[in-house]
Amino acid sequence: MKTVYITRRETFNAAHKLYREDWSEEKNWEVFGKCSNANWHGHNFSIWVTVKGVTNEDTGFVINLKDLSKIIKELVVEPLDHKNLNLDVPFLHGLLPSTEIMAIEIWKLIDQPIKDAGGELAKIKLVETENNFVEYYGGKEPF
Amino acid sequence: MKTVYITRRETFNAAHKLYREDWSEEKNWEVFGKCSNANWHGHNFSIWVTVKGVTNEDTGFVINLKDLSKIIKELVVEPLDHKNLNLDVPFLHGLLPSTEIMAIEIWKLIDQPIKDAGGELAKIKLVETENNFVEYYGGKEPF
Amino acid sequence: MKTVYITRRETFNAAHKLYREDWSEEKNWEVFGKCSNANWHGHNFSIWVTVKGVTNEDTGFVINLKDLSKIIKELVVEPLDHKNLNLDVPFLHGLLPSTEIMAIEIWKLIDQPIKDAGGELAKIKLVETENNFVEYYGGKEPF
Amino acid sequence: MKTVYITRRETFNAAHKLYREDWSEEKNWEVFGKCSNANWHGHNFSIWVTVKGVTNEDTGFVINLKDLSKIIKELVVEPLDHKNLNLDVPFLHGLLPSTEIMAIEIWKLIDQPIKDAGGELAKIKLVETENNFVEYYGGKEPF
Amino acid sequence: MKTVYITRRETFNAAHKLYREDWSEEKNWEVFGKCSNANWHGHNFSIWVTVKGVTNEDTGFVINLKDLSKIIKELVVEPLDHKNLNLDVPFLHGLLPSTEIMAIEIWKLIDQPIKDAGGELAKIKLVETENNFVEYYGGKEPF
Amino acid sequence: MKTVYITRRETFNAAHKLYREDWSEEKNWEVFGKCSNANWHGHNFSIWVTVKGVTNEDTGFVINLKDLSKIIKELVVEPLDHKNLNLDVPFLHGLLPSTEIMAIEIWKLIDQPIKDAGGELAKIKLVETENNFVEYYGGKEPF
């Protein structure tokens, strides 16, 4: 039995800013540029969740995409969609909502539920714009 | 000499909410749904600006895309990118920043500058998500 | 008050074949090529529905996208998604499910419900593959 | 019987430059910028050809996409793909290969063959980059 | 000499269903949902085939894309395009045509021909919709 | 602290040909096909540069995308955009500009500058058309 990787995409639209209260306006601008705008900006985010495993003999599935989609929608899309990432999201409270930090925190949320559904979380890809995204493998370094 | 239409895309990322202060929370939620979230949400917007005209005999151009791009960047991207559409944008002040309203107001801003550059503004397409956009022809009804 | 066009996309995945029972295998192959495969083939379809109108003074909307999405999902996606277009779809019964015919028949289904929601159906764009699509304006010829 | 519009995409990759021999280097740079590079540059072009008509009663087609694709491949892709638009293309000889000019010249080539196949050429859309394209309706001005 | 990975995409459109004859309708619906529709549904599939190797000193190629494309077209696109994956495809006979199973079976078909062409098959990515795909590394687990 | 991968895209449009002066026309055609056209052809290239690292405690960044974008624009886009890859680019002089070779040479250019900016170059993905791309991990073989 051979390992296959399966990926499901979900999307959410959110506001955020990259801004440290303990820094001056000037320092924030110097480091975060226009992302530090006091009144927020926002993005259409896409999250791609990859699960690895061997195919189930009865279904041919690594994981049922209905189950995977449900996990992502309940634990990621529901709390993030049409929200302010700095203000409205308990699991990001007190953190700078960079895409890197978001990917790390989302991993913690969905890792066990995916295990409970019979899969193994292998990768989270979080796309912020058509020009940038992050990938997180739970801290592993495949390359 | 035959009319050709040429289109240039620019992008901006912004926060907004659809919310009327003169309505109750309930009414706002009923009409605007999750778009009424008090703490804002946001999008990656794309704007496609179409100019019509005949081709210049010397250049083969309807309008020089460098000029068209400059107009859009200065008058649209600069004031909207990484901004809050409800709070930070003078030309949207006091208006509900729906994509429809945004397209109408952007038309007013760039119509004359495009004329001054020798073109004729024919259409603005404003894309909010991969699932929705508006098109505005200056009020004309081509179909 | 100026006319704006607003568009909503929904998607569905379906099987079909282009095949006339009253033609020979050879004739079917000659005209429809591989699309006539007896055991069906299929596509990921996207439907883009465009509604025209003036913006509502209270909401800034031509039509509320929640209402438009609901109409398309109930009347188009529900009966077509994960279905056989030749066998499973009452409103296509007895018709060749070419993208042209599908667009015409979908128009008949959603035209009045969109009117009832306060909009005017202006265009249906039905995308079959990344290389082909049809557009239907209710029979009008804008160009 | 109602008019439907059907569109087929084909692609080609080509080199070109925008440069007038009767202008100085400086003038060329001023007008055409980096597009005037003496040693050429290039693009992945997409051409979208739209044909209008009523659906054939036997086939449900406005035009058979096999026929439309064949016309575009023979008359457009064959002479342009992996070619130099300034040097290698008889029908562009002596012309500045701007996207506007290319669309106008391609129209002349495929208008009659599409008529001969039972359709009516309605629009050519020529995409040069993800940020710009031209549309040509044979000189008509639908909007 | 350094290892480079090169990828070629091809596409095919096919019908299938996920349905076990040895299960009840109810069980099939419970597990496979709308994918179990008796009369099939379908997709536009994209297959991305990745080959690894060092660059040939004469050509700068890991593998000639003409050769790679020919292998995929003959062994994958030809038998799958405009076909029913459950009924028409010898190499999938008796198997549930999930994307996972398809990727595994396609690997077996093209692994040796790619070796014969001087490359080494490294990955198959099979895309079923814009929201899901599988990746298969021949059973390896890179991450 | 966990490793995250962050990717930035930039684009450039260039002309090239795959042609060896020490081979006959016939041999060039046999190996390189239409890519050997004497008068060049061209592409819209996209380059995706991936940097790995742990998140900075102050910023939540692996690397500041402003810095990464600046490196790619100065060292890759500036010398390649609207250029002839065979004639105009010092770092490709004397090399066949296949996408494989280009990825290898670009790695050499940006590896150290990315280190100097506090990151570690992990991958370059160079996309030539919608149907082909190469990936280079500095010679490593992650899969």
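In order of appearance the chains are A, B, C, D, E and F, and numbering begins at 1 in each one.
Assume a residue touches a chain if its C-beta (ideal position, glycine included) is under 8 Å from a C-beta of that chain, and two chains touch if they have at least 3 such contacts.
No experiment lies behind these values; they were computed from the predicted model shown.
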| item | value |
| --- | --- |
| Intersection of the contact lists for chain B and chain F | A, D |
| Per Cα centroids, the chain farthest from chain B | E |
| Interface residue identity across copies chain B, chain C - same or different by half | different |
| Relative to chain F, chain with the most remote C-alpha centre | C |
| Chain A and chain B: spacing of chain centres that average the CA atoms, whole Å | 29 |
| Inter-centroid spacing, chain E versus chain D (mean Cα positions, whole Å) | 34 |
| Interface hub residues of chain D, defined as touching at least two other chains | 130, 137, 140, 142-143 |
| Touch relationships between chains, expressed as pairs | A-B, A-E, A-F, B-C, B-D, C-D, C-E, D-F, E-F |
| Touching residues (chain side chain F, partner chain A) in the complex | 2-10, 50, 52, 55, 58-62, 64-66, 122-123, 137, 140, 142-143 |
| In the complex, chain D residues that touch chain B | 18, 20, 31-33, 95-101, 103-104, 130-143 |
| Chain D residues touching chain F - in the complex, by the definition given at the top | 11, 13-16, 34-35, 37, 39-44, 81-84, 87-88, 129-130 |
